[in-house]
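Across the two complexes that follow, chain A remains constant while its partner is chain B and subsequently chain C.
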Partner chain A sequence: MNEQKTSRWSESFAGRLLSGLRFPGAGLVKGLAVTARNFVGSYFEKDRLLTELYPEQRPRLPENSRSFPFLIYDGNDPEAGMRCVSCKICEKECPPQCIYIVQDRDAAGKALKRPRVFNIDISVCMSCQICVEVCPFESIRMDQVFEASSYDRFGSLVLTKRDLLKSNEYYHGIHPTEAAETDARIEADRKKKEAAAAAKAAKAAETAKAAAEKKEAPAA
Partner chain B sequence: MSEFLETAPVWLKDWVLGLLAGFGVPGWILDLVAAGMVVGTCIGIFLGLFALMSVMERKILARCQNRYGPNRVGPFGLFQPVADGIKMITKEDIVPAAADRVVHFLAPVVMMVPALLVLAILPYGRDLVPVQLDAGILYFFAVGAGTEVAVFMAGWSSNNKYSVIGAMRAIAQMISYEMPLVIAALTAAMVSGSLAPQAIVEAQGPAGFLPGWYVFTPWGFVAALIFYTCALAESNRCPFDLPEGESELVAGHLTEYSGFKYATFFMAEYIGMFAICGLFVTLFLGGWQAPLPALGFVPSWVWFFAKVCAVAGSMVWVRATLPRLRIDHMLGFAWKFLLPMGFVTFLAAACWHYAGRGPAGWLASLAIVGAAYVALSANFSRRFSLERRVYQFSE
Partner chain C sequence: MSVMPPLDSSRTLDVSLGPQHPSTHGVFRMNVTLDGETVVRLQPVFGYLHRNHEKIAETHSYLAAMPYTDRLDYICPITNNWAYALAVEKLAGIEVPERAEYIRVIVGEFTRLQNHAALLGFLAGDLGGWGTALLWAFRLREKILDLFESLTGARMMANYMRFGGCRCDLPVGWLEAARAVVRDAHGQLDELEALLTGNEIILARLQGVGALTGERAINGGFSGPVLRASGVDYDIRKVDRYGIYDRFRFRVPRGTAGDCFDRMMMRLLEARESVGILEQALAGIPEGPVVNPKAKQRGLRPPAGEAYGRIEGPKGELGFYLISDGTDRPYRYRVRPPSLINLTLLEELCIGTKLADVMVILGSIDIVLGEVDR
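Right after this comes the complex of A and B.
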């Protein structure tokens, strides 16, 4: 019941009549009037019933709510667009140690910049978000799933890479503000890197040119 | 049509008996079948009402608190009692190691017996009284007192402090409220000049075009309120549910009960509540009489059950409204207010009768109960002033 509605009732004729009752036992009558008003009102005023009928009405989660971490990929292919480079910082920082990463290697045994195994045991995860804060590659973020219960204590509560990888669009869907900031940061980083690379290339070209001129000079 | 519906239950019984007699069934078996049909119908109807009440109570309570209430099992949650029943029956039946096993087992049974026995004397319709007793009201209270024994059996045999405290409270409450209850019932019996429920209902027949129910007289109104309050207390319902006050006593005498025994206690409590609602309707709300003579085409037993359901529904409304009382407040209310008020109402009813049951009697009884109400309630509306608390031992 909001403030406005309460005041409207207390100003109405019936409300004034009731609150004006002054006889022993008037409290009983007033109390019964309150419950009767709720009873009748709940059938006519829909805003009285605040209960969400859960499986049919999905709860609208606040943007900052979080449950368990997930991995972001760009583009359409989860494996190709995976941002994670298997740096293992999150694995080391995770307070309850629920992250397990194995780095991928090519046929020659050379380490690749992507994980082969990335598991998170959500029965251990405490949703602290430290992995998100330490990740330098904007790769791990907090999800909003809450229907994670299972019949099986160990197997299905360990999320593998395939369960964890979700698209950047999904991230924009659940945390729009945060995702926009992340994208802006990635874009800025990319531009900075490009500028640096261009500067470097220009400098290199200049040096090369200077060297060529120097080389040419004695010949001339 | 209405005449047929009115007599339909009796006609059905006679038809079955006639059919059996046609097959040459001996007379004593016919008597047994006749009794069995009446008993079976009564128990069936009240168990059905119990099932309906258990879900409607939760729905009404929820609506009074701006919630939906049970709405998952079946249409509008109406099959909730089935789910509840399956749950209750499949639960483990735990008997505490230190319990008195025999008494612990017997208590729910003993609780159920009086609840069913009192149904015998209620006049359900013009021709529908299972047992015509001249002292039916007396029988109701005498048998109904058996529930107190059952409650104490349950509390004592559980061998648990909460159970015993709950049972002690229940005994204190039931005995205290039995007094004003009986005195309020007595006013109706005195005015109608009979202890037979059927005669009391017939005495409340239509007066002209208005209903002649006792609740529409000053003394009857007050007696009905007293009876209603005491009925709440007798059936251990809010705001008098201290014996099972979960905030302080876990569940009182029900603490050590689980599974089907617990369900039996619940069933007995609800059937007892319906029985006392039935008596309330019989004594003050004109029993099976239609509210207006023009509505007489509806069968009398429909009126009876409609009134019982309305009274039971109002008990849920009260439950949704009032918080639980403190034990001394509750007992004080019974002894200091309801009991003297009951005596005064008794007096007012006598004045009403001797003043010719007309306007003079109306005014006289109104004056008497009004004066008594003001005088007695002065004790309760006194304001308490807060004083500095003095500690005897800590300073």
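Right after this comes the complex of A and C.
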């Protein structure tokens, strides 16, 4: 082999001592010395012990960690505060097609801006986060629950609207940075809309006033 | 390929290895015909993990195919993302901002590092040394996967690259954590090297087994570390200089004998070069946007045409060939998987060796069945 680098370990005292060995089986002894060093070292250096004792030690998930989607609502009432307007973009874009939405209608049959049925089959979902990216209403986000296994394949792995709706506070709890950015964006949007509405109202008032003045002028 | 003499079935024995073989390479079956313990014929049987990836991608939008590419070579999903993003960027003519290019190089080289470390462990497992080497390799790999999780949200199924950049910026403190992992990687590779390369049993099992000449490797369409182990100087990072690889100083290690030992050493040396690239990239990463704001993700409609984007994946040349007819879904979507094409000479490598060497040769080629079957 060309371009072989000398290893740092071989520059250490034990490494030099061992790499000087020239007899059949010296390579084995060297390997065993490394193993022994790790074994003994694990009693003194805590960072050599990497195994998490999972059910007792809960893993600390990083903020970006994601598992399955959920829906956000504002305020206290899940139905009233639901951000989803049933635009069905996520249903269309979902790569494995695991989202099923039926738009709500009032008694007269007029379409309402909210879903009547919103199901996500998490046995099909592949946690790709594309629904989150395409949602224009900041309504669907990724959860961090990972212990979702169950004995009942069809009952509990198809999440309905009631299972999916979670509060904005919950979202702040699992993804604080992202949630703060989302809230800022929504606030900015709202202010922009308010400003636009105010400008529109002012303009409408002005035109109305001008029209009224015009009307008054010939009379005078 | 030499013409085989007709087999005397009274002397030979057919053995079916797999598909549930405990050698961790996936659901792969080999029908081996043995004369005593010597392999006289070997027929690979695959398709157990076929998921119709290419046709599914043709029925989806360009963006929706991205998470499926994670599942090709599931040991290194981010490089798969990169190859696909590169192909779409070529097709649609999208520029990538500088910071995004740096992030791509960083996550790409981390992917190579953890793939090669895992391979060394798996190869030791194929040799019967199950445990120590694999777990030491995974000690490094787990740290890198933790970095991936805090960046992309998932340890393996990253879905991180986007057309014209990356999905999200690095979280606070990520670069420091990455530098710490790179610092540790030196020592961990040293330990792996001390454990594996001098070991007489490994030398006896690997040296001279499954040797392949450079010419034959080229004719077989090999790429990646397997090709370079046969002494061919061909690295797409140097040839294509895709992304910003022309800014980094790194060497392309080459083997001489082309046997299993050279293939193993190739992984170790390439992992060290990856550490070098990571050090340079982590030092030089600039500020700026991580995705081209003009690039459209959802509802992308590239102009009609075709493009082939390829990268030097950890296992070899990973390419995506796309034909667009101007609609929002590809007319043709084809993957050039290094794992499948590096398998084509498996029979030639194995004939004449003993049965126990077959697993070693298969392990040294480094395949992932998610990519072979697609």
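Here, the second predicted complex is superposed on the first by the 169 of 220 C-alpha atoms of A that agree within 3 Å, B and C clash if a C-alpha of one lies under 4 Å from a C-alpha of the other, contacts with A are read in each partner's own complex, and residues count from 1 in each chain.
Criterion: a contact is a pair of C-beta atoms (placed from the backbone, for glycine too) under 8 Å apart; a residue touches a chain by one contact, two chains touch by 3 or more.
The structure displayed is predicted, hence computed values, not measured ones.
Judged by the touch definition given at the top, the superposed model places A:Gly25 against both chain B and chain C.
Of the two partner chains, chain B is the only one touched by A:Leu49; chain C is not. More residues of chain A lie in touch with C than with the remaining chain of the pair chain B and chain C. In the superposed pair of complexes, A:Glu93 makes contact with chain C only, with no contact to chain B.
In the superposition on chain A, A:Met142 contacts chain C only, with no contact to chain B. Touch criterion not met for A:Met82: it reaches neither chain B nor chain C. In the superposed model, A:Glu133 makes contact with chain C only, not with chain B. After overlaying the two complexes on the shared chain, residue contacts for A:Glu63 are found with chain C alone; chain B is out of touch. Of the two partner chains, chain B is the only one touched by A:Ala36; chain C is not. Touching of chain A by both chain B and chain C, each in its own complex, is seen for residues 1, 24-25, 28, 31, 34-35, 38, 50.
In the complex of the two chains, the chain A residues touching chain B come out as 1, 24-25, 28, 31-32, 34-36, 38-39, 41-43, 48-51, 53. Of all residues in chain B, those touching chain A in their complex are 60, 63-68, 71, 317-318, 320-322, 373-374, 377-378, 380-381. Chain contact summary for the complex, chain A toward chain C: residues 1-5, 7-10, 15, 24-28, 30-31, 34-35, 38, 50, 61-66, 93-95, 126-130, 133-134, 142, 177.
Chain C contributes residues 60-61, 63-68, 70, 132, 136, 139, 142, 146, 149-154, 157, 159, 167-168, 171-172, 186-187, 189-191, 193-201, 203, 251, 253-256, 262, 265, 269, 272, 297-298 to its touches with chain A in the complex.
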